[in-house]
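Each chain gets a letter, A, B, C and D, in the order it is written, and its residues are counted from 1.
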């Protein structure tokens, strides 16, 4: 049984805390949040509450921490955990600053720290199966990858302002998937759009974007994002290879179809948002982390994967501003997995 | 080049005349209809018009006739054609009276006549492929066959009155498909319904029905019919076997899908009616007939198939009135094809 | 918080025990099974184990019991629970003998007992939505209902022998759905098949069947069953009405599609079996039971529903043996819900 | 009745000749091809054959010409036809040289010539319906357009060498669709790939490509091309708007689905190639041309549309070589239709 402390009791923290509590392989021992009462709300799972991350990290009954606190705290908490030998599962992104993230990576590697980054989509059963069957050769060599990722609705501008912008906050998931499927990326081309919310434009960010990624292998990835999608949480992926295509399609809560005088085969809305769509992915991600701590499998996605995705985000931001193809800095390492 | 005369210039006659005219293997030489002017309307295809079927059947430039006239004339025209050695493609049903149909069959067989019955659905590329793949063993031995066949809207009651009723007029197609897929049928159970048009009930007919067919092989067929279908011409078939299932699904004129805030993946209406849904089937049926005349392949569906389908219709009608399982009279010969 | 004792620690008992344990509205206090150690296996959920149902029913910390024991024990446990005022959720069927089931129903009604029967499919989100939208008038008045229900593989013949046969054991779920969708059934026609396992035929049972149900409303229901299905757990339902059709389609664990040189849009297998397909239905069923005990909503499906489904099973069995249309005994009450 | 001469008796010429012959509104009077015997092969449709385009254009019984000859002859034939008042339907592209195409456009406009360019996909019933429903506001304002267009297999390198390359030969169709859906394009970003055939790389061309188009409206188009596609002719389009998404999906020759122990719902291959996929589009295109000559509707897609698509091809080629975002020269006029 792995004793786990969850740091950050917000929306993602609640997911991880519930999954830890439900896992037959782990015990939720601590929940930490600086907001008084926030951690206690998760106490129904039997954990102790704390206002101070340091207390949690140092606790004897904490073998591993799950970091769900705001992005600026990630690097500090990772390093604090690694320093005293605790395993760390940290939410994305590593940091908004690529240099700081790379320094963190170097420090962790120097200390042989056990760190995994929470790119949950790698664990989604549908996308994971597409990846596995691609690796098994079902469609030959991958040549074109198309990722569509659209959120149901844009977050408030106040969130946008401190999120690092669409590429570091939202596309970062897709950059990791591109690294996961395509390997090292050599060139990034990005077009930002402002079509959703004028306040986002005023805040200097895009609210939709299309990004092209040219891989060292010759394959090209396309990422299509929007902060708003009328029909729900649009999460699709197409891997096109020399022998065929593997698609990960949208998912629906039920399988009802309606036929009437004006149309046939109308299905329900797609899944609403990530809590529904990726519920199983979060469970499987935690399980992979627990297994890695137990010595079964790698800490993957690794901190290096987190840094590589961030490098693509930086390159996309620069390309969207300059109209130039941009090479990502240091992002050309092969993704784990 | 086969010289063909079309007898009957109604809706089905027009389809056959156009297909004959467009075939590189046949020439439309005559069109016949007792209604003055009706045959002439099809003269655009270059054929001569006649009011008298006997003139057409006897014409030197007629090698084969396509019989599209009202049902009571079918037997007479088949026999007239066979008598002087002309090949005959006759629309279904052979006759409304099974005894008369069987006598016709015996006379044709005695004369070694060349007669094919127009069960067009056997030639539908989708259903034909399901049949071929079933015969190829893709789903093992067939155990259950489900046919859904619903017309967009009911014909006028005046038509119903002389059509022989739902089982002989509409279900007859499905009975032939059941013979085609399941082989000899031993027992028929039928439930008639009156849910569409009270006038049809007053005329003594059902306007919807479900029929069960137990085959000698042990397989069971289910036919689900309705005279009215809000979403178009519902034409589906499921063959369930020991190793899997083959489905022939509905078809749509376009492949547009719409996703909105209330649903996703709405497709267009299904194909409207048999002229659209079975256009290709009529072409392929004519082609099979032309090839059979040329000695390439059988005259299939045969007159015996027409008689066998009629026997199932009679049995279904009796079962729907008595609530008893009924054995079809003489309908147990193996279907051709 | 409702204190619940689960009686029977087999496959279904384990599902219910886990759902009780996970429910925020209930506490699993006892698990009972006469096999030594069986109940204790479910003790991980924190309940006490017992070999004696009477001990559990009588326990102060048991407000309600969930009956998952073998069918012959159902009536006795229902009556024992009702006698001392405990609420009962009992797995289907009520009993294999309709007379005994009806006597139980009368006794429970006389005692105003709180009893619900575990027809879990009514709670399946897909089928429940079809039902709700039908009631909302989206497809007008229902005219034809088609239920396909096929198990992945047949149970051992030893199970068949004491199960009451395919109609009372397997089709019973579909009979309840037919009652739920169509209201009172007047006539039953059934065809049994033996196509799966010769041992089942030797044991005197069918291993596939098709059943027609004529409702008092004029609608017709068709049920298509098989004990073996190569592609998984085939669970579908089509409600056809005057204005359109609502379908509940099969479900898949993932949404991966493959296109290759020989085919396109291959999806994964359908869900394997009822544990996966109806996991959510079991949760929602338990929740409805807990709410009914709390006075929010009816105990539905009721014991009367259980008796009505059994009457259809008896009628189907008789029809399959005689080839006659059979009226169900006393099964014409309107289903609850 | 419009008298039409077809110039060029290759693959596309044969399609147009057959459609003219079958049209109730037109008569095929001449077919021209410099290869002896080539034109005569189409004489089965009743037209006269010629080796000399000038003879056909000048013929009294030619009101309009359909230009299906090699690209370098297009401008000359357009101008020759316009000069003596004949209407012209010319296959794409107008020319491989944008300057020459623009001069042609100016000359035709000065002469008020009647010229239409054969961008057949605008007439595809599926894509045309997506466009019409977008214009009707079903998905609000378009924000992202994704076009997937992949050929079954690459043409021989000898063809590539004189085709103008992937952007002018293949993507040109998609550029016209982008103009049709998005209006004026301001910026083009392109990534060429070499993944299919090394000989194409040696010939200096790409054999796969992804292109981004930023429209003046703020919308972004993405075009994904490949010269080879294992599963057939992949022709899809997604229009994403503020209120939803309209998709034009792939099409299949039949609607057969197979379910087995390893997968379910495998459909057949998609349509093989453009002759099948766009057969109806070619018919509707010809019909629109005939109607425009009769004064019913515009000559659309216009010569200006042909020039605009060419400008995007030039920009894409430059971008793919430089890695820079490129503004198309003079390609910013609103597309017709």
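As a convention for this text, contacts are C-beta pairs under 8 Å (C-beta built on N, C-alpha and C of every residue); 3 or more make two chains touch, one makes a residue touch a chain.
Computed from a predicted model, the values in this text were never measured in an experiment.
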item	value
Between the pairs A-B and B-D, the one where more C-beta pairs touch	B-D
Chain separated most widely from subunit B, comparing mean CA positions	A
Centre distance in Å when subunit B and subunit D are each reduced to the mean of their C-alpha atoms	41
Subunit A-subunit B separation of Cα centroids, rounded to whole Å	58
Sequence positions of subunit C contacting 2 or more other chains	139, 230-231, 243-245, 250, 258-261, 264, 268
Of subunit B, residues touching subunit C in the complex	139-141, 143-144, 146, 148, 150, 187, 189, 191, 193-195, 208, 210, 212, 214, 218-220, 222, 224, 226, 228-231, 234, 240-245, 323-325
Subunit D to subunit B touching residues, read off their complex	125-126, 129-130, 133, 138-139, 243-251, 253-261, 268
Residues of subunit A touching subunit B in the complex	230-232, 250, 252, 258-270
